[in-house]
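To start, the structure itself, in structure tokens.
Chain lettering (A, B, C and D) follows the sequence in which the chains are written, and residue indices restart at 1 in each chain.
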Amino acid sequence: MRLLQCVVLLLVAITAPGVVLSRDPKCQVVTLSFYGLICALMFFIFQAPDVALSQITIGAVMLPLMILLTLTKMRRQNLRREQEKKRR
Amino acid sequence: MSSRQRTTLFLIAVAGLAPLFAWGFRNLPPMGDYRGPYGYAVTQVAVYERHATDVVNAINYDYRGFDTLGEEFILFASILGVLLLFRPSGDDHKGKKQAQVEDALPVSDTLRVGMQAMAGTMVIFGLYIAAHGQLTPGGGFQGGVILATVPLVVYLSGDVKTFEAIVSNPLTKLAECGGAGGYAIIGALAMLGGAHFLTNFLPLGQTGDLFSSGTIAVISVTVGVEVTGGFLVLMRSYLREIIEERLQGEE
Amino acid sequence: MLNYLAYAVAAWVFLWGLYGIVTSKNLVHQVVCLAILQTSTYVLLLAIGFKIGGTAPIFADIPVGTPVVDPLVQALMLTDVVVEATVAALLLSMVVKANEVAGTVDPEELRILMG
Amino acid sequence: MSLTTAIPFCVALPLIIAALLALVSRWIGRRVCDSLAIAAAACNVLLALVILRGVWSHPLIYWFGNWWPRPGGVALGICFNVDAVGAALAVLTATLTLAGLIYSWKIFEDTENHFQPLMLIFMAAMCGFSYTGDLFNLFVFFELMSVSAFALCGLKTLEPAPLQGAFNFAIVNTVGAFMIVMGIGLLYARTGALNFAQVGRSLGRTPADALVLLAFLLIAVGYMTKAAIVPFHFWLADAHAVAPSPVCVLFSGVMVELGLYAVARIYWTIFSGTLAAHEGQLREILLMLATLCAVVGGLMCYAEHHLKRLLAFSTISHAGLMLAGIGLLTPKALGGFLIYVLSHGTIKGGLFLSAGILLHRHQKIGEDHLHGCGRGMWWTAALFVIGAFGLAGILPFGTLLGESMISEAAKSVQQSWIAYAFVFAEVFTAGAVLRATFRIFFGWGEPAPTDKSSRVEEKPETEETRQRTPAAMFLPTAALILLGIAIGAVPQLRGTAEGAAGVFVDSSHYAQMVLDNAAPAPPRKAPEEPLTSSIVRSSVAGALALALALGSVFRKKLAPALNFTRSLELGNSALRAAHSGHPGDYVAWQSLGMAAIGGLFAWLLH
């Protein structure tokens, strides 16, 4: 139990800088989702199932999903802008 | 400031902050050795007083239910904010005709059937989680988020029309606003009997039953309704343009 | 030493989150770093409320009086998770709008207000 | 209506109405939505007044869910501890919201009725914030008011500037919010409680160790970020420059002050016992921050030519003065803080609305661009001049009373130099407003120079240009400015405020009242000192402000010796460059400020 806690804490400590340092938002979505899962795992190991459940739904699914939608929206805006530029 | 100057400034700050944290955290109780009065007291009394076996939810929806009321309105306010930011402006309608950006994923039939089956399972799972807040881990919030992802699965399976039918239904809006307002109204109802705001006024039932714990269960479900509606509204405002284009394309 | 590992991780994640926000060159990235910053508070709260040998504070299958971990910090964290998600949603919608009207998501190029 | 009904309804009612409005906004017209929101705000003003009257003589504790503390003083529930200080701030909140909602009757055609519910939520959050007696509940209301404020700030989405302003605002404040959560976590680790009284009693009078100091640092920095204390202030100017005027009223008039109120509340209920041995050192640290804030805010205020940014920096400067009211750590200064907040809030609110009127009429907000445009708008000009002298704190205004109490308190703890910080801030902020008034409404002198951001937001808040100022805009503006004078005319105000502050700072009695159900002590009305020295000082400040403004406007005509006003208006390039508009910079400054204050804490308080 003790060992598991240490391992998951170290995993959090390693992945957090990983998410920060993945500078491209597209790959950040992947790392963030992974990080969210590790956090959820940490909550389970620390006996917090309620929080783990909301972390899986929010941190590992909803938040990355919103970022994906944001990126999609932005890509479409940029494409549209380029098309308009070409037309001119 | 150039980005190098900024980083230098920040690193100086870190050179101060890191020892500061080390200095303060040294005096924390060692992990695993915690004996605060609040946690002890609440685990002793919550089951007897409120007939709820999940103490976390007893705190969330009753002892500190007023915090959760604020929290639900944080969600509500930020959804209002997103709606405000994404409100259609005059330029939008011009832009729609000018450029069509198609990015629909091709979905195979097997995948579609699989996803629709998954959606069904998720509805049941979400309802279960939302309804058993007072008994087992989970509760309105978690169940609501799961329920809100169901139409999204439908969307991903390529069925845009059904998705749009669900999210643009006035019932979704009613769920969002009714859930948020309903929470406050439940709190106010307690005052009819002369008690303070957010006091339990329902029979407590048998500990462990689905219909137990009085207002905790009711509030949990109310929160679930709000969260489901809220995230659907949120989703719709993000996907609005894409959906409009897709539906036009299908016609 | 191991007893303090969790606190050290909390401070570590906090500083990395700040670092990410400070050095960010993309607003979406900045929002994600804010979310990372937030997780440091989870680690701290979780470590504070933990009790060796304690189970989850759910008395469905265990009798009242069994040692459990502190339920309050978990309630606080639930609130925190919601706050994170909602602030992120609001910020991301601002980023989308900024990209639409300014054509950039680099905070360096988006500087209209200054001095 | 009984008091115990009014207290929860002051928060719950606007929330319910907001949910209702958001639900039906699609089907009801703009006017119906407006009327409902105005009615709700008016109702809240009444509720807040009823509560203020009820708690005037003794504070009231309200336990949500009937969860009174257990024997031994363990509070499981959340309580509101409503005392005169918090109740007065709630009245201010509701009044400013009402004024803002009436003012926006004629603007915002395209917000799909989402604006009104957000304003109501914002108001409810601020009322709850001023009543609450629980650490985490304070944070929840902090976050609720932040989220609604972010959304209201980015209201005008057709230009990039509002989005930048709202984004910077949100990033810096959210970082501050997470610091608060960490601080709450640390306090919970030590005391196992969240109720102010219980935490305070548990910390007791044992000298603070590193953990408690770090917790105080994190929480204070978090709330000072909201209060825009230098160096955590950068977001404020950006947010105010772009937020719609009625929203600025709430930002500057009450939200910033509530950040300071939270610092005071937390200090007095939780930390005053454990930090008692180091009170002198803490006072010096806080006064240093206050002076820095007053000076930086004043200089930047004079160097700005974007009317709303100018007013925003004046708020930063005044926030420094209000921090001095708290930082002196005496009940008299705290009473002064309360009076200052009330009168500054109404006056600054009125000034923002007046700037909004200019924007409405001319679609311009830069001082250079507006040069001479205001001719004929004499009523608005009058409001500007009255407001400017209100900022200077001359005789009929409430600000004078606040300033005099803070100065008297400073004298009693041998810090009487703080009066000069007041004069400095008053001269520069009032001078800047007067200077702008002379150029805009009288067309005197040369047009003002242009800043990098003085073109921001030069678009109408309305669709069409209007030749007249609508009454719905002018009346709330004038009412607010006049309220600033009326507050100064309340008889016995200083003694009453000091009495209320005396109840506020009595932490041991507070804990008995909350946890042991002890009877509240009636506030003692304190004797009032003569105002003479303050009147003299503020008259000098007002005269200097006038001279500075005239000197700036006419420097070409009058004398080359006046050229220093030019460098005041255009110089400070290093200070300007620091306000770079980059959220990364702001967070870097925020971290540096926290490290610096933390270093001082470690050095002086340990």
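The working rule: a contact is a pair of C-beta atoms (placed from the backbone, for glycine too) under 8 Å apart; a residue touches a chain by one contact, two chains touch by 3 or more.
For clarity, every value in this text was computed on a predicted model and none was experimentally measured.
Engineer: Count the C-beta pairs in contact for every pair of chains, then give the pair with the highest total.
Structural biologist: Top-ranked chain pair by contacting C-beta pairs: B-D.
Engineer: Roughly how far is chain C from chain D, going centre to centre by Cα mean, in whole Å?
Structural biologist: 28
Engineer: Could you give the separation in Å between the centres of chain A and chain D, each centre being the mean of its C-alpha atoms?
Structural biologist: Here the centre of chain D sits 36 Å away from the centre of chain A.
Engineer: Go ahead and note the Å separation of the Cα centroids belonging to chain B and chain D.
Structural biologist: Centre separation, chain B to chain D: 32 Å.
Engineer: Distance-wise, how many Å sit between the C-alpha centres of chain A and chain C, to the nearest whole number?
Structural biologist: Measuring from centre to centre gives 12 Å for this pair.
Engineer: I need the residues of chain D touching at least two other chains; which ones are they?
Structural biologist: 136, 140, 143, 147, 150-151, 154, 157-158, 186, 188-189, 194, 577, 580, 582, 584-585, 587-588, 591
Engineer: Give me the residues of chain A that touch two or more other chains.
Structural biologist: Residues 48-51, 54, 58, 62, 66, 70, 73 of chain A each touch two or more of the other chains.
Engineer: In chain C, which residues are in touch with two or more of the other chains?
Structural biologist: Each of 5-6, 10, 14, 18-19, 22-23, 25, 47-48, 50, 56-58, 68-69, 72-74, 78-79, 82-83, 85-87, 89-90, 93-97, 108 in chain C touches at least two other chains.
Engineer: So which chains actually touch one another? I want all the pairs, not just one.
Structural biologist: A-B, A-C, B-C, B-D, C-D
Engineer: If we count contacts the way the header does, which residues on chain B are in touch with chain D in the complex?
Structural biologist: Answer in residue numbers: 1, 3, 6, 9-10, 12-17, 20-21, 23-29, 34-42, 45, 62-67, 69-71, 73-74, 76-78, 80-85, 87, 89, 173-174, 176-178, 180-181, 184-185, 187-188, 190-191, 195-200.
Engineer: Inside the complex, what are the residues of chain B that reach chain A?
Structural biologist: By the definition above, chain B touches chain A via 54, 56-57, 95, 98-99, 101, 103, 129, 137-139, 141-142, 145-146, 149, 152, 231, 234-235, 238-239, 241-242.
Engineer: Name, in rising order, each residue of chain C that touches chain A in their complex.
Structural biologist: Listed in rising order, the residues are 2, 5-6, 9, 12-13, 16-17, 19-20, 25-26, 28-29, 31-33, 35-36, 39, 42-43, 46-47, 50, 54-58, 68-69, 74, 77-78, 81-82, 84-85, 88-89, 92-93, 95-96, 99-100, 103, 105.
Engineer: For the complex, which residues does chain D have touching chain B?
Structural biologist: Within the complex, chain D touches chain B at residues 4-5, 8-9, 12, 15-16, 18-20, 22-23, 26, 62-67, 70, 72, 74, 76-78, 110-112, 114-115, 117-118, 121, 124-125, 128, 136-137, 140-141, 143-144, 147-148, 150-152, 154-155, 157-158, 186, 188-194, 209-211, 213-215, 217, 577-578, 580, 582, 584-585, 587-589, 591-592, 594-596, 598-599, 602.
Engineer: In their shared complex, at which residues does chain D touch chain C?
Structural biologist: 136, 140, 143, 147, 150-151, 154, 157-161, 163-168, 170-171, 174-175, 177-178, 181-182, 184-186, 188-189, 194, 237-238, 241-242, 309, 451-453, 456, 576-577, 579-585, 587-588, 591
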